[in-house]
Structure formats: structure tokens, C-alpha cells
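Below, chain A partners chain B and then partners chain C, in two separate complexes.
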Partner chain A sequence: MFLRVLSASFRAEIIKLFRSPFLIALVMVQAVTFLFLVTLFGLTGAFAPTALIDYDKGPLAKEFVKNLENAHHSFSLMFNYDYKKALEEIRHGNLVAIIMIPQGFSKAIAASRTAPIGVVIDNIDTDMSMDIQRALPSAITDFGRNQGFKEIRVESAEKDLIDHDTDFVTYMVVSALVLAALVISGILSGVAVASEFESKTVEFLAVSPIHPLVVFIGRVLAANIVSVIGLTVAVAVGLIGWGIKPLYPLQMAGVLLVSVFIFGLVGMALGVSMKKAFPVASFIFGVALPLYLFSGTYEPERFDGNLLWAMAHFTPLYYAVGIIEHAVLGLKVTPESVTVNYLALAGWALLALYVSWRLTRKNILS
Partner chain B sequence: MIKRLWSIARLDLILWRRTPFAIAAAVIPPIGMAMVLVTLSLAVLQQPVALVVDGKGPNAQKMQRIIQTDSDAYFLTITDAKIAQRMLDTQEVAAVITIPSDFDEKVAKGEAEVGYVLNNVDIDFSDDIRRSVDRSVAQFDAPQLKLDAEEEEEGPAGSVNPEADNQYLPNPYRVDVYKRDLRQTNVEWFSYQTVSAFILLILNVGLMGTALLSAQDIERKTSLYLVVSPTPSWQLMAGRILGGLIAVMIALLPALILAAYFKVISPPLTHWPALAAIFTTTALAASGLGALLGALFKGSRLIAMAASVVSTYLFLLGGGFTTIAFVPQWVRNLSAFVPTRYAIDGMRQALFYNNLDGVVLDLIILSSTAILTIALGSFAVRKSQLV
Partner chain C sequence: MEITVAFNKVDYKIGTTTILNNISLDIKAGEITGFLGLNGAGKSTLLSLINGLRNQTSGKITLLGTELPSDDGRLRSKIGVVFQETALYEELTTFENLEFAAALYNLENTKERITEVLELLKLMDRKNQIVKTLSGGLKRRVAIARGFLHDPQLLIIDEPTLGVDVEARHAIWSHLRLLKSQGRTIIVATNYLDEAQALCDMVAVLHKGRLLTTASPDYLVSRAGYCLDVECDAEAGEKFIDILSGKKGVLRADTTPSGLSIFLKDRTLKKQMLDIIVGTGKINGFRFRSPDLAEVFKSLQEKNDHVP
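And then the complex of A and B:
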């Protein structure tokens, strides 16, 4: 009986979903959209657009420019500006900084004198202006070291925990896969369940001999199929587009399937609670963006402080990000192990089922 | 005509009022985002770092002081090597900086090193730490290279003269920086990011809300009555947009008042009318796009997904999390077709800049978007009447 009802509701939802090829297309677009658009955040995390005006053009000025270019992904140097034009651009918010190397720079340094460079910073955004204020001394210390100036007494010596650096955009694309799973699966499942309340079919389910939750789960599973199709496209685009080769492809597939299912159950719980499609969709879309900021999607969450880290434990996205970053890039971004993260996701699934079960009867009767 | 518009708008507002979950769903995410931003603003500019000081001499102490006082860069824990390692393992810190026991001796020989172990999971924060450590090291021999904004004199940017005499100090790196900030004060990170929370609120209430209310019309079959009524289709669209606009304003006004009261936003007094116009036209454009989606598509699933896709583009490609002027040219070209870009640009201009350059263009584009959605939506409604 249980399986018959489950498969019947699954079939009904599948027929409904596949009747609209446009919906399937939109699901795919949404999955890829998240992947593409979150990378914009990464594009401005580094490489501040900076006008470089070299009045000197000597060999040491050229060396210094090289050091600026290599200063930990800090500057995107633009060379075709004069001061007037650069000032106009910075005032319009198109440049973050202007760096000017004065005439006589190379000569002064070669003669063991100190030469000043001129810098204008648009300090509208503290984050960017801080980056520049740190990057300039970094470039200057590198310059001094590379030139072998004897008066320098201290150097920094870096040792990395990981033998390679991971690009910011790559890191975010991987996290974005589970974010896309949340949005697609959550909205499709939530709306499917809420529609039962809106169309009042839930009244018939209330008098049926089986718990309406079984019907809802059937619908969620159908929504999951469409979500998986959308996500497969996103994974293909993400991996090929950004040239990412997953270290553990099976684990990656596993966590994405688990995420789709669990976020579907979360969507179901929201659908049962809200009973209307429009708050469900609006809520899931709305929370996806703040969740993006504190689920470890752009750096290990604990680096943002213990308060945010503690808060992040109350979102399933945190655990999913922990697993997928490990599966694709081999990174450990949560102090918890992958197994603990899987268990926490299972806990979320049980919680969503429990909430749905508790609220279904109550909401049908009300 | 106004009565008709108002009737349609009122219907939507009543539906909002009768659906407390809808109100909660619309306002909780922006509130959540604001809370996350507040918390992030406490940590986003600093990186958690452990400092181990093994050296005991005056130079080691000097180096310690330099690192310790750079609270802009580090959220510092001074501890021993064992605890520091544990903190690194449990991600309590992203790096461990060590001032070695032979630091003073090595300084005397000009061979000292400040070592650091970095959890280089991604380059964003790793680079922040690399730059910060380099700056601390630079300060040891050249204190002026801290380039602290607060210590800098304000001066008009045009007065920068890199060759100005006596404006720099000699140092072993032989390069000094003569820095000028473009504006008197930095805009706090949280204030700068508030625009995202406002945009999310407008999209969530205006676009998603209006689109999904249209879907509800179809589910409840009220759309049938609406399309056979003598009301012209453009008035149906305009009424729906008016409803969306009022709903946005009801949600937005308290948020704006709170933000202004707590000085999260404090634009010049003369910028308030421009800001009000930007918020209104943005709400109109968002509601217009929502109503258009509602008129174009049938079924709550389709409308929900379409609204979610459009909102995602509008938020992220409009510059919700980023400054579009700083992204590659092709993305900038793409975002030229995204109305929220003009909303965000306009809001930032009015909130953080001294002039209103470009705001008129932003307003024209946002208003045109609203008008265009009414025209296209009316066409879609008329078409649905014919089918």
C-alpha cells in the first residue's frame, strides 16, 4: 500500500513536471545561473582595477611594476591612463586606485636613495582599500628583497599546509553546486507540496487510509529527478567551464544526490508549514543568498569567527559544503569530518520529515 | 481609472495581509542577510591568526608589537606553539605566525625571518594574510609602510605629487608611498553592503511576491474573472504593480528608518529625494517584472522557478554582492541590460558619494523598465484573453 501510493504520487508529479519542458529548461538555467553568478563575487575579491602611470620608464620602475603584478593577486594594472583620465575614472568608481611612479625613480634607487611613489585610493569600500594598503608594502618588500638591498633585516618565510593554492572562483563554484541544489530542489519540492494545499486535494488525502506525507514524499522524489537533471547540467558546465577535475567523483555525485534529497525534504517541510506556493518559493530564494554568506561557501566558516561558525551549524548547507569541497578539491573546510557532516545531513532529513509529519495533520485539520 | 487600479492593488495587499507566512517569507531573508552582514562586518576584514613569540629580545618584542597593534589585519591570539598548532588544526585560526627564539641575533646579522604556517584553502584569505605579514615585516624597518588610513592626512586627490620634497622618509626598501585617500572617511563595510539587503528585500517582496500572487490568481481562478472584466489589460498590470509597490514600501520604510536611525546609512540631506526616487522606481521595476512573469507563465511551479531565475540574475548580475565596475568588461556589458544594476549604482551614488552623478540616468532606466513591463504585460494578458 505504502509503495503503491508513493509510486502513484511520484508518477503524478513526474507527469505534471514533464508536461512543461519550459520548467525543466528553467531548472537547468537556474542551476547554471547560480554557478556562473556567484563567481562574480570571486572576480572582485582580488585584482583591484588600478591605473599605473609610469613617468620614469627606467629598468627599476619596470621591476617594481612586476612586483606589483605579483603582489598576491592584488592589482589589475591598467597602463593606458594619464593622471587626469585616471582621476576621472576613480571618481566615477571605475578604478580603485592610481599608482604613479615618478620620474627619476630608477636613478634615485640606483643611487641608494628612497623614491616615493604616489598613490590615490578610492577608500569607499574598506575591504578593497585595506587590500591595497596591505598589497603595496607587500610589493615593496618583494622589490627590496629581489634587488638584494643589504639594509633589510627581516623577511617573511611562508609555509603552506596545502602544496598548492586553490583559486577563489574554483572554491566558490564547487560550493555553488550545493547552493544550486538547495534552490532548485527546495523550490520544486516546496511548491509541489504547497500546491496540494492550494488546490485543496489535501482534503482528499486527509480521509485516505495512508498518511498524506507518503504522497508528499512521492512528489518530492519526482521533483528530485528534475533537480538532478538540472544539477547534472550545472556540474558539467562547472567542471568543464572552470577546468575542475574532481578528486573523488563518486563522493561528489553522492553528496549532490543527498543534498537534492535533503533540500527537497526541507522544501517539503516549508510547503507543509506555509501551505502556499508563493511564500515557499520566495523564502527559499531569499534565504539562499544570506546562507551563501555564512555556510563556508567562500572560505572555511570558522575563519569568520566562532559566532557565525556556530550559527552555520543550523543550516544544512554548511555540512554539504564541507563534504563537496572535500570530494571535488580534497579540501577540509569544516573542523568536522566528512562522516560527521553526512550524519548531520541525515539529521536534517529526519528533522524535515518530523516537522512535515507533525504539521501535515494539524494543517489539514485547520 | 484610479479606483480600478486601487481595487486591484488592494486585492493583492489583502492577500498579503491574509498570508502571514508570505510576509514572513518576504522579510525574514533580508533581515537574515542584514544580521549576517552585521556579524560578518566584525570579522571580514581581519583574519584569525595565532602568534607564537619564542624570541625574548627587544627586536622580537618590537616585531610582536607591530603584529599585535595591526588590529585591522589580524584577529590575534597570542599563545604557545602547541596550542597554536591545535588551533590551526581545528580551523580556529587560518595561520600561525612565529617570531623565533634567535630573532634578535638574526636581526643583528640582517638575516631574521618571521615564519608563518598558512592554511591556504583558498587564495582569497590566504592572500590577505600574506599581504598582512609582508606589511608587518616591512614595518619593522620602515614603520611608515603601514599606510594606515587614519594616520594619513586628507587632501584633494588632485594634489598628489609624488615628487613633493620632504613628504617621505628614507627606508631600506628604497620605496616610500605618498598616499592620498579620495574621500574623507572610509565607508564601513557593513554600510556599503546594506544596499544588498535593500535590494534583496525589494526583489523578494516586489518581484517574487507579485509574480507568485499572479500565480495564485491562476490557481484560485480569479484570473478568469479579471480577464473578462471590462478593465483594460494595462490597468490590470498597472494595478498589480501598484500593489507590489505598496507592499515593497510597507516593508522597506521601517528598514530604512531603522538603518538611518542607527546611522548605518547617512546620506547627505539633499540626497534623500533622489534616494526615495531610486527606491520607488526600483520597486516599480521589480513589481513590474514580477507582474510580467505572472502574466507570461501559467502555474505556480513555472512562475516560482522563473521568478527565482530572474531574481538571481537581477541580484547577482546587478551587483548585489559585488561592485560591477570592478568586474571584467564583458560582465559589465552584460549587466548593462540588468535594471537592478542601475538601482544599486544609484543607491551607492546617493548613499556614499558627494554628488548625484548618473542618478538621473539610473532613474530613467528604472522607470522605463516599469513602463515596458506594463506594456509587455498588457500584451500578455490580452493574448491570454484571446486563447
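And then the complex of A and C:
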């Protein structure tokens, strides 16, 4: 009987969802939107336009520009400016900074004299100012080393912990997949369950011989199908558009499916608790981004201090991010093993089921 | 006769507010029993104590031999409930709603049973229509169909004809009478005395959470009196009241904005009273009707006693 009711409620919810093709389309768009959102976030300021005015035009000035371009920075050098035009553009917000190589730069360097590099910065955002302040000394050091300045006696000897580098945007896009799973699956499941209370159909369930929770789980499973469709589109866009090549594709698929199911159960618990669709959707959407940022999306959360790291353990996204970063990029971003992360997610599933079970009859009777 | 539901000194309170007060009542098997009362009388609450959506604060309720509250799924499968707000899945078709209900009640031969019920309630032509596109009357019929799909021993219906047109109202009444003729026990909560008269073997009259009386609908109507409304001016009305007061067969006479209402013990007194009135003064018109629910309440409260 349990399986029959589960299957009937699954079928009923699938019928209902697929009678709203616009909703399905929105789910797919929403899944992909998160990838764009975090990408934009990662790319913000990465190509900040910076005018470079070379008054010298000598060989050493050209060499310095090459060093500047190779230095670690997040700006993009633009060369077709004179000072007046550049100043006008920086005031209009079209440029972030102006870097000026003075006339006589090459001669001064050749004669071992100090040559000042002029810089004008729009310090509306100190992140940008600091980027220029970091990049210039780095470029000057490289330039000096290449020119054989004897005064530079220190250099870094880098040894990487991981055998491959990971692009910041890629790191974020991968973890955005579990964010999308939380938002889509949580909202679809939460709304499906809350609407039972709103339309009072839950009363019909309550007077039937079976516990309404069985029906809710059937609805969550149906909402999971639509969530998986949305996530499949997001994964395809991630693989093709961002060129992500998962190291362990099956594990990636596994963690996404598990995330969809568990976040669906969390949505169900919220639906039972709140009994109204709109607050459920608003709540999940409202907390998703803070939870996402809170769960090691920029870098392993333990880098931000023990307090934040400890608090992050109370969000299911922390464990899901840990598993997916390992599955796709081979990174270990949580000290806990993948198995422990899966167990923690299973714990969240049990908690969501327990809360739903405890509250269902109570909330119907109230 | 077998008792399907027995209330014994039942109270239901929300916080310190008493919603139902000391209800004792037996509902007999195979009958249609009505819970009659104005809005807020406690009818729906009384129904929800039977269907398990609420638990009594004190007192004892026995349903089909089992004391309530009970978590017994087998007991719930013996009752069918039709809610005031239908509680149908609006995005599904009539058939899909019934198919889902069939799964909840683990029915066998689902398609045959659904077809049988749809035919009984004349809903076959609406089988594949999405519920939200149905009229209020049709939705209520679908809800009734769902309520007795699993062939319950007891069918509980809250406001069976709320918001439906006259034609649908009579159709629903005839379906309920048919179900009764098949041996089912039915409880309806209603605001309408004519509905109680049309359907019920017995009614329990509720007022502000108290059970005023239990009686047959016809008895209640006769107790309140058959009403003769007379249209006349105020001066003539006063004169008529003076003449009619104390006359044999006149239960009472009240002034109304358009004249007066005279309550007669017997229908047959109508002509005799009209003759007296017309012989006494000028009237603009008259009509003879059954009393309404408010008038029944008034008669019950005036006498303040229990009817057998």
C-alpha cells in the first residue's frame, strides 16, 4: 500500500508539474542562471580597463610593459590613450587607472637611475586600488630580475600541493551546481508540500488511512525529476560552456542526485513547517546565497577561521560542496572525507524526515 | 438500531474559548443525520471531531465501536469525508482525482469502481476535465464521488450544496438519498432548513456550541409553526395582532417591516386566519411558507426545552 500511494502521489505531482511547461522552462533557466551569477561574480573586476601611456617608447619601456602584462593582476591594459583623454575617461568611470611610463625611462634604467612610474587610480573601490598596488611592485621586481639588477636577491621557490591549478571561476561554478540543486529542488518540493496545506487537500490526506508524509515523499520524488532535468541542463552548460572536465563523472552525477533528493526533503520539511508556498520559496531563495558563500564556495571554509568553519558544518551545502569539488576537480576542500560528507548529508535527510513527520499531523490539527 | 457515532458529554475548547459544550448525541446507522445551525454554531467542528481532524477536549466519542481519538488507519478507511472547500486537486482531472483517492484507500479494480461512481453521479462526461475548470456544483459532485469511492460505512458531508445552483442542489440531494437507500450512514452539516427537510431523518440543532435539540426536520418545522406573512400598514398590523393573539392554533404573531408574520400550528388553519384578517382590515398581499432556520431557533429558545 505504501508503494502504491508513493507511486500515485508521484504520478499526480508529475502530471501537475508537466501541465505547467512554463514552470519547467523556468527551472532550467534558474539552474543555468546560478552558473552565470557566480561567473559574473568571479569575473567582476578581472578585466578592469587600465590605460597605459608610454611617453618613453624605448626598448626598456616596452620590456617593462611586457612584465606588467605578465604580472598577477586583474586589469586589462589599454594603449590608445593620451593623458587628457585618459583623465576624462577615468572621471567618467570608463577607466580604473592610468599608468604612465615617463619620457627618459629607458635611459634612466640603463644609467642605473631610479625612474618613477606615474599612477592615477579611481579608488572608488579599494579592491581595485590594491590590485594595482600589488601588480606594479610585482612587475617592477620581475623587470629588475630580467634586467639583472643586482640588488634583487630574493625569489620564490613555489611547490604546489595539488598537481593541477584550478581557475577561480571554475571552482565557483562547480560548487554553484549544488547551490542550484538546493534552490530548485528545495523550492519545488517545498512548494508542492506547502500547497497541500494551502489548498486544504492535506485534510483529505489526513482523513485517509495512510500518513500524509507518504504522499509528500511521492511529491518530493516527482519534484526531484524536474530538478534533475534542470540540473542536467546546468551541467551540460557547465561542461560545454565553461569547459569543465569532471575527474570522476559518476561521483559528480551521484552527488548531484543525492543533493537533489536531500534538498528536496529539506524543502518538504520547510513546506510542512510553513504551510504556505510563497514564504517557503522566499526563505529558500533568501538563505541559499548566504549558505552558499558560507559553505566554502570561494575557498575551503577553514581558511576563514575556525569559527566560520565550525558554523559551516551546520549547513548541508558545506558537505555537498566538499563532495562535488572532489568529484569534479579532485580537490579536498573539507578535512572530512567524502564518505563522512555523504553521511552528514544522510543525517540531514533523516532530520528533514523526522521534522516533517513530527509536524505534519500537528500542523493539520492546528 | 445500531449506533454509528455516539457523543457523550463532549467538549471542545480552543484555549479558554468553548467551541462545543457538553454534546451528547447518538447517530443511527442507515440514516441521514443533519447538523443544523447558523455559521459559527459548531457544526463543522463537530464533524471534524468525527473525522479525526480535531480531538475533543473532554468527553467520549465512539465511532463504529472505536473510541476516538484513534490512529487506526482501518477505522479511517471506513469513513468518507466531503469537505466544505472540496479539497480537490484543482490541476488534475476528475478521473485523476478519483484515481489518486483510490490509491490512498488501496482499492482494487480501480477503473471499474471509478466508472461506476462517475456514472452514479452523472459525471462521466466530465471524467477528463481538469477540476479547476468545473463549476462549483460539479466540483461538489466530484468531491462527493471521491468521498464514497471506497464505499465507506459512514459518509460525512460539510455543507453539501454550499454555493451551488438550484438544479445542482436538487441533483446532489437525489444522489445522497440514493446513497442512503444503499444502506450508508450519512451525516451532513447544513445552514439550510429546507436541505435538512429534503435529506435528513433526524437533525441535531446546534447554537453557539450547544446542542439545542434533536428531532425530525418536520417536527421542528411544525413546532416553529407554518408561517403566514401578511403585507399591510403598521396600524392594520397592530389591529390584526390584537385580534389573533390567543386564538386557537395561533402560536405567535410578530410585526415585520412589511406587516406581520403569523405562526400557525397547522397548515389547515391558513384559510380561516386569512378570512379573519381580510374581514378586519385592508391587506396588500400575503404568502404562506415554512419557517426559516432563525424562526426555528426562536421557537426552540422561547420554549427552552428538549424535544423527544
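The rule is simple: the second predicted complex is superposed on the first by the 357 of 366 C-alpha atoms of A that agree within 3 Å, B and C clash if a C-alpha of one lies under 4 Å from a C-alpha of the other, contacts with A are read in each partner's own complex, and residues count from 1 in each chain.
Here is the rule we go by: a residue touches a chain if its C-beta (ideal position, glycine included) is under 8 Å from a C-beta of that chain, and two chains touch if they have at least 3 such contacts.
In this text the structure is predicted, and so the values were computed from the model without any measurement.
In this overlay on chain A, chain B fits alongside chain C without clashing. When both complexes are overlaid on chain A, the residue A:199 reaches chain B and chain C alike. Using the contact criterion defined above for the overlaid structures, shared-chain residue A:247 touches neither chain B nor chain C, since it reaches no partner.
When both complexes are overlaid on chain A, the residue A:1 reaches chain C alone and has no touch with chain B. Looking at the shared chain after the overlay, A:12 reaches chain C, while chain B stays out of its contact range.
Of the two partner chains, chain B is the only one touched by A:278; chain C is not.
Centres of mass aside, this uses C-alpha centres: at chain A, the angle toward chain B and chain C in the superposed model is 90 degrees, to the nearest 10. Of the two partner chains placed by superposition, only chain C is touched by A:209; chain B is not. Looking at the superposed arrangement, the partner reaching more residues of chain A, out of chain B and chain C, is B.
When the two structures are aligned on the shared chain, A:364 is found in touch with chain C, with no touch to chain B. Of the two partner chains placed around the shared chain by superposition, chain B is the only one that A:157 touches, whereas chain C remains out of contact.
No C-alpha atom of chain B lies closer than 9 Å to any C-alpha atom of chain C in the overlay. In the superposition on the C-alpha atoms of chain A, the part of chain A touched by chain B in one complex and by chain C in the other spans residues 16, 20, 199. Within the complex formed with chain C, the chain A residues making contact are 1, 4-5, 7-9, 12, 15-16, 19-20, 199-201, 203-210, 215, 364-365.
Residues 51-55, 73-74, 76-77, 79, 81, 83, 85, 87-92, 96, 99-101, 103-106, 130, 146 of chain C are the ones that touch chain A when the two sit in their complex.
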